[in-house]
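The first chain written gets the first letter, and so on, giving A, B, C, D, E, F and G; residue counts start at 1 in each chain.
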Amino acid sequence: MPNTTQERLKAEARGLNFFYNGGIQALKNINMPIYDNRVTALIGPSGCGKSTYLRSFNRMHDLYPGNRYEGEIRFYPDDTNLLAPEVDPIEVRMRVGMVFQKPNPFPKSIYENVAYGLRVRGERNRRMLDDKVEHALRGAALWDEVKDRLQDLASNLSGGQQQRLCIARALATDPELLLFDEPTSALDPIATGAIEELVHELKKRVTILIVTHNMQQAARVSDYTAYMFLGEMIEFGKTDEIFIKPKDRRTEDYITGRMG
Amino acid sequence: MKPLTTEEIRAVIARGKLKDTLFKALGILCLAFGLLVIVALILDMAIKGADRFTLDFFLNFASRRATQAGILSAWVGSLLVMFVTALAAVPLGVAAGVYLEEYAPRNWMTQVIEINIANLAAVPSIVYGLLALGIFVYQFGFGQSILSAGLTLALLILPIIIVATREAIRAIPAMIREGSMAVGATRWQTCRYHIIPYAMPGILTGVIIGLARAIGETAPIITIGALTFIAFLPPAPLTALPDGGTAGLFDWVMAPFTVMPIQIFNWTSRPDPAFEINAAAAGFVLMAMVLAMNALAIWLRYRMRKNIKW
Amino acid sequence: MQTVSSTTGVQISNTGSGYISARLSHNAMRHWNERLIETVLFLAAALSVLTTLGIVYILVSESIHFFARISIVDFLTDTQWTPLFDDAHFGIMVLVSGTLVSSLVALLVAIPVGTTIAIYLSEFAGSRVREIAKPILELLGGIPTIVYGYFALLVVTPILQWALPNLPGFSLLSAGFVMGIMIVPYIASLSEDAMRAVPMSLREGAYAMGSSRLYTAIHVVIPAALSGLAASYVLAVSRAVGETMILAVAAGMQPNLTWNPMEPAATITSYIVQVALGDLPHGSIGYQTIFAAGLTLLLITLMFNIVGQWLRAKYKENY
Amino acid sequence: MEDILHHQSSQFDEELGRLRSDVLRMGGLVENQVATAIEAYGACDPRAIEETIARDQDINALEKQIDDESAQLIARRQPTAVDLRLVFGIIKIVTDLERIGDEAKKIAKGVRRICDAGSNPTQFAPSIRQLAKAVMIMTRESLDAFARLDSALAQKVIVDDDGVDAEYKEILHRLVTDMIDDNTTIGLAMDIIWIARAVERIGDHAKNVAEHVIFIVDGRDVRHNAYQID
Amino acid sequence: AQVVKVDGSSTVYPITEAVAEDFQKAKKNAVKVTVGISGTGGGFKKFCRGEIDVSDASRPILKAEMEACKQAGIQYYELPVAFDAITVVVNPKSFLKDISVEQLKAMWEPVAQGKVSKWNQINPAWPDAPIKLFGPGADSGTFDYFTEAVVGKAKSSRGDYTASEDDNVLVQGISRDVNAIGYFGYAYYAENTGKLKALPVIEKAGKAGVAPSEKTVLDGSYQPLSRPIFIYVNAKSYEKPEVKEFVEYYMKEGAKLSKEVKYVPLPAKAYTVNLEHIAKKKLGTVFGGNAEVGVTIEALQKREGSL
Amino acid sequence: MPNTTQERLKAEARGLNFFYNGGIQALKNINMPIYDNRVTALIGPSGCGKSTYLRSFNRMHDLYPGNRYEGEIRFYPDDTNLLAPEVDPIEVRMRVGMVFQKPNPFPKSIYENVAYGLRVRGERNRRMLDDKVEHALRGAALWDEVKDRLQDLASNLSGGQQQRLCIARALATDPELLLFDEPTSALDPIATGAIEELVHELKKRVTILIVTHNMQQAARVSDYTAYMFLGEMIEFGKTDEIFIKPKDRRTEDYITGRMG
Amino acid sequence: MEDILHHQSSQFDEELGRLRSDVLRMGGLVENQVATAIEAYGACDPRAIEETIARDQDINALEKQIDDESAQLIARRQPTAVDLRLVFGIIKIVTDLERIGDEAKKIAKGVRRICDAGSNPTQFAPSIRQLAKAVMIMTRESLDAFARLDSALAQKVIVDDDGVDAEYKEILHRLVTDMIDDNTTIGLAMDIIWIARAVERIGDHAKNVAEHVIFIVDGRDVRHNAYQID
């Protein structure tokens, strides 16, 4: 079990506020550490701001006009503020990978899906690409299943395989932080089990922040859990404690299903 | 409030089924009507023009003698003009569509542009001719050339291609876009690797409809100076010219020209009824050209669609 | 290693250092590229606006001369349109009425027929029938309009006359009717696309309630596809309003202020094409009328489009 | 704390409620059983003796039923946090309650032996009734603490057990001394000792119940923290 | 390349096309000729901008166009090339045998609009049936000439008739309606004699009706509806040998070819006179910017031109 | 707890085989009782035929050409065979309601959604409609939330409300059997809880057959559970027993997540 | 049955495995503790006595830890079927193991008192060592049954307990008789009785463990089915 006193910080939200285009404040003064090589789960009722928070880490909100950040997300070891206007969002995204709710492979070959991030970075060397693609697919525990059909269309894979492919795609560029937004909500229990297992493996190499609607999933895969409600961070703590003995009454109400 | 009896339910079902059957008959009737019209029109042209379907018809220039008149300069002209049109309209339309969907801020300006584009689709084509006469022919000095005509028709079908492109882009799930951006791609990389390729089938539909429209247009081209009698072809690139020089790669774009619909239009308005045969035959050829273009694009579209699913 | 003040005893990761500077060097170039491309794309989009501006400029600059001589009130209220005659009248309503009536006739043909075909293809027909019938039907939109014109004149009018003995040889009715046939594929094809796009789950929901095919189509599929249908209707209206040759050939070109489709009449477009290609000297008042008429048409279609946009926004369904 | 158990999902509520009330019912039976055992002890009432012994069956059956329900609830409802602690605590509490029942039965059997031998238990060790009273109070209070999820009351039970233990030691000492003094009563004394011992064990189990209540309410595992008796 | 550019009237087009076709053949394609149709107005517009060498015209150049040419410094020769006999036609089943200019006027004059709608309003002896009028669009030279000749004032016509730029449409209309009457160029009648009946026109009361034909036009008896049609040649272009040759060829073969495409040729002499005028640099129009009717070719060719 | 010996049959599959268009056999000799006023859950890995089986009960497969049934689904109390060719599928659908995975309200008002089935049955009496709509909405525990906005578009409701609306729509026509195909997989935990609660309420009035990927959900809401695998019915039994002590090893492997 | 616990989700496996091995570790400690307690009984070895007493701490700590892990596992993994029975069984087994530890400690303390009094426990009741042996075997076998999820072995343990109970009764009877015969040894005899009683209780708890193993393996709840001892 991880021990807080030994944890290293990978990132930290400080006084983070976020406003959507219309002026709706979706995040309210969030302060939260993300520990290195740990899985941190975000739980909370629908609409509480989990996705909004997660997507702040790779500046996904910059894609749509009119959104506004306040506060900081400090990123270590270099201690930059991911949200600083002078920091290029594209650079942020190169350091922070993301896996989405529904597997979203590109309608291209398996190989091209994984190689995409590298190509975007201007990599053209075929040998290098081959190596990295294999490495990423192995990392996503998919290599054995697809090594003989790398040129097949990614959409012919099963849902669970597609989601692992998306993970491989994100892994291929060596992100330091990996964001998962409800990565298994579109999958059946067997595929879900495989992804959870993979998350457990991945944390040896990368820091993970995962949003899930499935409390049991949060309990299963994470080391730390944060409970959000109405845009606020209500409780952050070790998963072991949150699920047996949460400190905040609202957290308890939520995880026991008493909140409606 | 008691539930319907089985008999009542059966009566309701029977009524519903009767209406289904009646509607089905009506639907088949409407469809048959549409198909009948198209088949009748095409057959009519084919039958009327049957006498003219000889090689000469395709290799002869226009003539005052109906039996000797051919469509050489017309079909070559149509093809070349379409080539220029496609070359101009497709990149421009796609670029505009991409800009509006992927780059432009969503605000009243976009709304205005949207209405503006829809509106352009309804501007009578002759007005485009008037516009092009002022701009391409005189302002830019392109003269009465294939280039001017191609660009004019490009402007004419631009709204169609833009609308088709935008609709096609809109059908691409946001998650594909976000997936690409999330690995650190720039907007343009996202467009180039994903948005445009995946929108291609829809864009092709727009191109099909647009070119089919453009290839049949008469009025705007006449306005900018397409000819009716022209007994020579534009200089093929790198061939010898009568005056001893060699034609440049792009000399043909500045050449005078005529197109199929003008030829047809002219023939239909000739006093001599013999030309109606020519007109019918040319109309049939034009349909064949549209169909060939369609078929190509339909095939391309089919092939591309197969590979895209999410 | 650096200690962060906010959380005591917490240390920061030291993996992955050295990424930054290498990556930053790419930034400047990337920015330049992106800017450049965005500008190019913007220019392409701006082209449509420029085109409109050009059209408006061309129309307005000539119309100004026109309206300098003809009062706008006369233009709108006069009931005769004889600008090229000795006794010139400039009542645009004459052309507007022809335009509206012919478009209306076309839509009255195209919307029911097109929608029926769309419903039939999407909800009743097998996939084989659909795949074959649709592209053939789409050919209707690719036939040169001059061919349609003669079709109206030589085939449709006599048939209609057989049913309506009073029908003159040229009429808005037969021109509009054929125009309707021409735009059937616009409605049938686009509406069918829109109906196909209605998720199967909605249909299954309806069938699961025990409803018949027609009931499902009318009460579930059509409302769900309404925005697509509206778009196809708007496009069809535009096409009808802007159509030229069929009317020039078959509608009689008679400047006749009438709302009766059984009469011959001129429309804005047929008038414009006729004058533009006629023997009239350029720069004369007669010639300038086509710009005033064109401007009127532009405003009418603008109105249609704004209404269409509004309707679409209103009926936008999210299923 | 009570209202925390009002669930959005009323069916879950119902199941949790059923579980809790089964536990309380079991507690009631057990309490009653202890009471009849003590009553028997005081009066040599054969009806009370037999009732005490017979009741053990019901308690055992309830133990199995509650365990079964708990397992069902875990399988069906994936309880977390307070719900999980509640189910977990119940699983533990049930074991202790069953054990209390066993001890009560032991008391009754001991009393029967004494009475059958023609003696009256009270005369030997009136202080045992004292002890039994204290233990009964502990039992009742531990169950109250569970019913009300009252950790303060549970705490009191835990503290009270120390007193019971001390008293028990004294009683035991006296009984052994008595035995040494008068070895004709050894058989009887042994039975009394077993009874005293059983009473003491009931106190221990009540304390265990209280500890589980504290876990349920506060999430603290306080077992083995205080010094232990042996 | 050596290209002769011609554009303008659709009425003149068939003749020019025939000339161009034969000329190119005669020159073995060494000289290229292009012919467009953008209407007399459109043709003059291009002509006066110096974009074309020759303009086909179904009416004389008008004031505004003369002005435009002058501004651009374009000088030109006006060359009549053939006659178009505007033909009044009815359905073959029509009761009409001939028609007088009077009667035509009664039918077509502006005051008739909305009032004269039955045949018996023109002549009580005629049936009580509706009159169906067909004619070219008001933007055409034919219309101008007809109104001038019949009503007495150019562009003076009732408006409620079926107009078409495409004379074949009029042919169709008239051929399918017994009560129809209309007018258009002779060629369309000549090619559709089976479907139409050309009415002899009575110029003045007392005169006999004259049917349109090459003879009646040439001898000047088909009045007042025969009109000359023209080409205008840019004087500067004429200095180019290919244009010169083309025009000369036009004048040489004009008679034969206009007849072939069913127009009425000018008297043979007129063509040589045209060439003489050019040789004498007789520039400009002889109409002074106004349309006229009933002028003979001889008379015209005697007049002095003006620019 | 229900007791098998006292159960009445509502329906029963007998030797049911089903073949999809291409000839794929998706159901293999299924025999299974459906007890009256009970909730029966179908669980099994993705692609095992749960939906196929469920959709046989209202002849949904008849909508697509080329599908073929073999065997019977007997329906009680009248003991008809739902699959018999002479039985009109529309009539079957009028007796057997269905609620789908994703809430699929019709693009109409709330009122019209619920009234839909009645209108299909030719009901025109406004008073009657009003009554039934209210009754159905109450039955679906939605009345209080929507009674003041019955004319609003159904698509403006939240996901959970939409799903309850779909249930109300099905209830309005008094079906005898209600089919649910993964009715909560698109919903957040709070909405899911509400639907599960509702299912529990509904079984007093109607027999329910529910497909779910969520084993815990099956355990929670059902009285009987059937485990399917590769088109076969592997085990059918009381839910209490299946989740604590399944008889078949394959069932146990699946519900404990041992099957991959 | 072993391979049934190989999970697709290897992390779940790991956690289950950890839980089981913790239980086995606790079982090992307990077994060992019982052994040292018996050893102490035989030899008055102060080291064995102290070790037995001291070890109880570890066992208590392990009990808490395993309970905590079980709760975590329920919260995290929603075990069902065999997994649920395993966790459920473990929760129950742990209580029994802890109680065995307590009894061992009681034995050690009794031995200490006897030895401190200068006596040697064995001389009084050599048969207790017999009994202890049997109980130790039961303990070991119940743990083996758990380790191998072997319900047949567990069944055997349950049957064995009857023999232990019978023997205990005999021993007890003899000791009481002895006491009556010689009331100078009453203090000592009481200690021996407590020890015998503790040994018997260990057998009972081992039997409980076996019953839980049967529940884990077969899903049958066999408690309270056989006749009960008191």
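General remarks:
Here is the rule we use: contacts are C-beta pairs under 8 Å (C-beta built on N, C-alpha and C of every residue); 3 or more make two chains touch, one makes a residue touch a chain.
Listed by chain with UniProt protein names: A, F = Phosphate ABC transporter ATP-binding protein, PhoT family; B = Phosphate transport system permease protein PstA; C = Phosphate transport system permease protein; D, G = Phosphate-specific transport system accessory protein PhoU.
All values derive from a computational prediction rather than experimental measurement.
Minimum number of contact steps separating chain C from chain E: 1. When each chain is reduced to the average of its Cα atoms, E sits farthest from chain D. Interface comparison, F-G versus C-F: the pair with the greater number of contacting C-beta pairs is C-F. For this pair, chain D with chain E, the centres built from the Cα atoms lie 125 Å apart. Rounded to whole angstrom units, the spacing between the C-alpha centres of chain B and chain C is 15.
In whole angstrom, the spacing between the mean C-alpha positions of chain B and chain G is 89. Rounded to whole angstrom, the centroid-to-centroid distance between chain A and chain B, based on C-alpha atoms, equals 46 Å. Residue positions 90-91, 94, 190, 193-194, 215-216, 219, 243-244, 257, 259-260 of chain A each touch two or more of the other chains. Counting partner chains per residue, chain E has residues 10, 37-38, 42, 166 touching two or more of them. Each of the following residues of chain B touches two or more other chains: 13, 16-17, 186, 222-223, 268. Chain contact summary for the complex, chain B toward chain F: residues 1, 3-4, 6, 9-10, 12-13, 15-17. Contacts from chain F toward chain G in the complex involve residues 215-216, 219, 243-246, 249, 251-253, 255-260. The residues of chain B lying in touch with chain E in their complex are 62-64, 144, 222-223, 225-232, 241-243, 256, 266, 268-273.
Residue ranges on chain C touching chain F, taken from their complex, read 126, 199, 201-212, 215, 219-220, 223-224, 226, 317-319. Chain contact summary for the complex, chain F toward chain A: residues 45-46, 159, 188-191, 193-194, 213-216, 257, 259-260.
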